[in-house]
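Structure below; questions to follow.
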Amino acid sequence: MKFNVSAQMTYDVRSAGTLILNIHALRTPTQAVLEETLTVDPYLKVEELFAVNGENRIIRLEVPEKSIVQIAYEATVDNDFEVKNHTSREEIMVGKMDPAVLPYLYPSRYCQSDKLFRLANNLFGHIANPFEKVVTLANWINKNVEYRSGFSNAQTSAYDTVTEQAGVCRDFAHLGIALCRALTIPARYYTGYAYQLKPGDFHACFEAYIGDEWILFDATRLVPLNGLIKIATGRDAADTAIANIFGDILFTSMQVKCELADENFEPFYY
Amino acid sequence: MKFNVSAQMTYDVRSAGTLILNIHALRTPTQAVLEETLTVDPYLKVEELFAVNGENRIIRLEVPEKSIVQIAYEATVDNDFEVKNHTSREEIMVGKMDPAVLPYLYPSRYCQSDKLFRLANNLFGHIANPFEKVVTLANWINKNVEYRSGFSNAQTSAYDTVTEQAGVCRDFAHLGIALCRALTIPARYYTGYAYQLKPGDFHACFEAYIGDEWILFDATRLVPLNGLIKIATGRDAADTAIANIFGDILFTSMQVKCELADENFEPFYY
Amino acid sequence: MKFNVSAQMTYDVRSAGTLILNIHALRTPTQAVLEETLTVDPYLKVEELFAVNGENRIIRLEVPEKSIVQIAYEATVDNDFEVKNHTSREEIMVGKMDPAVLPYLYPSRYCQSDKLFRLANNLFGHIANPFEKVVTLANWINKNVEYRSGFSNAQTSAYDTVTEQAGVCRDFAHLGIALCRALTIPARYYTGYAYQLKPGDFHACFEAYIGDEWILFDATRLVPLNGLIKIATGRDAADTAIANIFGDILFTSMQVKCELADENFEPFYY
Amino acid sequence: MKFNVSAQMTYDVRSAGTLILNIHALRTPTQAVLEETLTVDPYLKVEELFAVNGENRIIRLEVPEKSIVQIAYEATVDNDFEVKNHTSREEIMVGKMDPAVLPYLYPSRYCQSDKLFRLANNLFGHIANPFEKVVTLANWINKNVEYRSGFSNAQTSAYDTVTEQAGVCRDFAHLGIALCRALTIPARYYTGYAYQLKPGDFHACFEAYIGDEWILFDATRLVPLNGLIKIATGRDAADTAIANIFGDILFTSMQVKCELADENFEPFYY
């Protein structure tokens, strides 16, 4: 299914500094970037780098002097989302896991799975099937955590959200990841463009590693899973921030879009 | 300088499970493993893997049934520690950093640098030279944090230690890393064998990335820097745990040694 | 029902300091102290004070010099525990509550009810009857929190326990209090002697204010409610610490007993 | 010195509920309420109560139905602030303190003095004179904590502020209290009207108990100490909230004023 995605961001650069942006659609076996353009005004040299395990596409801009910098990214992306029956996937024991996956079992800044061990096992430990386990915990988050803009902030972590029970997509994702890891299921943060997200914005959800494959989950249930365009994955939001700012640079505005460039979209959710 | 290092660990495995151990000396341009042996009793298949960015040497053991498992690692390692003048190193701007280094600027489970931003800059922001900045913050930790066994636990983080001001080597390292990152200096956790550490144990310290090189710091000042044998580096202790245990397995005992296998050791500290 | 209670404590006083102890049985309309003795060796002047709202009996000892101080308290106490039907009690609206009770609605050091608001209401908000609400939440704690010595420490609070789900009587009580307050039910910490507690120790539980009366609850279910002898109540453990130590004084040992001095004890639990 | 103080608050009451307000000027030996009026529109029965140790004047309003409630308080208050030399005050040992003061040594919801023990003693333990100790710590807060609206929220505590080093008057006060208690100096939260505070608002500062008297400190240094009109004191903001709301009631607006009703005001700060 094809989508046109775009992000426009404006920064007020008060003195020389560096911007690292994570807004490019990823190229993966199931996601093709058909075309894309990046415009930076005023003109600045843009480095495209591969970051965090060499997998995510990031851009780095050195801004040499005081200026208003406008960045515009546009792409047409074909997202080959396949609806599969995941309930037949078997749990993979740690002894058999690909070593590259092991770090996604460890606690991270916003996903303190070490602290959620008992809670996760008390709530979900009795579910044998790994896919059902993650579906159940995502539904539990959806039911118990209130989606509420402005409730949380950049420091809010899964340890907060599990008790305070309110937050935004980022918080829902962090809690999903922390619960998975506490259940010995590798899990990672996913940022992307999202079709039908209102108002338009970047979206965050998570992937759990079940039976040798990363499966996408969205505890917010705000958008169909087959309308997501992947930007990046990482241990949590610290790895995949849309923007990392170094220097006296203020974010001033942003506009994010994701529109269908195809026909016959059938929304899909678990 | 050559050292004989060894670690003996015993686990009471109550039912089938997996052990991941991070006890092998690393092979690096400045550290040569001259010989090493690993013994597991009873005999178990041992997988040697490269974990966390493919850099650390870890072993994975699947224990198929209830048993007492004894692991013994011994190695002779030549550590080519060079005393250099680091004060001439210049600060590298984020815009010029190797992308592989960027994740070591981000906050992690035990190093919440995002929360220490103002404190780090209030205390150390005025120091221009990057090496002196890190030496000063390590000395500040050494002066203000009391080394005290049993004060902290597996969940203690830099955010706790900066206020509670007591802990063990792990806590000193986490605080050093968090302060560096808050000052836009990449930093990572280091575990190793340590000559003259009493009682014998694994040791933790940290590396800061200054002028294109990772420089070793030890805020505890418990051992000479040239008596350290590197096992692993990572974002924090979550990446480099000596042991990750999956299943009903109890750690029962450990003995760690690091002895000089050379002559004329001159202890070195900053 | 009569009980003989006793507490023997030893302190290693390294230099002049002050001890405040909260070990005397309280005198209340339903608890009579029939006889009691307090011995301090070596002899020290003991002040008996009324602390925390003038209600708790505390003793204050100034220790003038280095010494080993032994304190022995013994009492025979008649605890008139009446089994009542509390389900007929109606919820008292805040607008009608005795003003002296209002502070027990506010969050305190170890009972951050402000952070548990959504969780408490999601879990228990649907229960109309106030007594059943508290019984249900106490049972929920009992089911989900593992009683485990050494898991928590002096800084552990309800906010930790609600997620980490392990702790001791103090943690069970703090969580019960925090949940009650989050549901607009005044609640306070209770310390006491406990018949049939093994091994012998001080015990902690909590009281909830339902229909103009403080009702006792024990989420640990370790001891019968009619075997408890009240020492003190307060906002949380900070108000009712068995000992507050000022100066270089080490606690070295303690022995606590509570024995039946009557016949025909019928254990009672909700 | 006489001041005219006023507070106007509007609440959108969506269904029957209770409001508890803490906006009346306190009557103390050094503060006389010369005249005051309270208007509630629409007319509602107002109970005036004494809360938190029977000392603070609070009002309780039961709002029986959906309505917009406007509350207006006006008073003329004479604040007899005496400039004294407090450096001659001696430290009072715990063994000699009035028992009513002891709870102000204990940690509370927003002032976790137990966690700041080492930090407080490392920074200020060497200062012998108790008044100078508190002046120094208040100046340290003023220097290191940035006054910044919107940085903190209702859950922010001294444990956060000591590291994050930004906040509003409430956070400055909580940190001052926590540091005092960690140094065995009783301390309490103070809310009041403040002359020359811009924009007009309620203000928060703290009192430390030095030499048998509560002395006022303001780590923000935003207003002169002799322009403060006391509303309430308590363990921290939890005890002295301007408003406690029970039910579906929204705060919609507030206007607070404090104007000089006298001549020849000489601003005073430590």
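General remarks:
Just so it is clear, A, B, C and D label the chains in written order, and each chain counts residues from 1 on its own.
As a convention for this text, contacts are C-beta pairs under 8 Å (C-beta built on N, C-alpha and C of every residue); 3 or more make two chains touch, one makes a residue touch a chain.
Values in this document were obtained by computation on a predicted structure and should not be read as measured data.
Residue numbering at the subunit C/subunit D interface overlaps substantially, since over half of the positions present are found in both copies.
With each centre defined as the average position of its C-alpha atoms, the distance from subunit B to subunit C rounds to 43 Å. A separation of 30 Å divides the Cα centre of subunit C from that of subunit D. Computed centre separation for the pair subunit B/subunit D is 46 angstrom, with centres defined by C-alpha atoms.
Counting partners per residue, subunit A has 115 as the residues that reach two or more other chains.
Pairwise, the chains that make contact are A-B, A-C, B-D, C-D. The residues of subunit C lying in touch with subunit D in their complex are 18, 20, 49-54, 58, 60, 62, 93-95, 99-100, 102-103, 105-109, 112, 114-115, 154-155, 184, 238-239, 241, 244, 246. The touching residues of subunit D, counted against subunit B in their complex, run 115-116, 118-119, 122, 144, 146, 159, 162-166.
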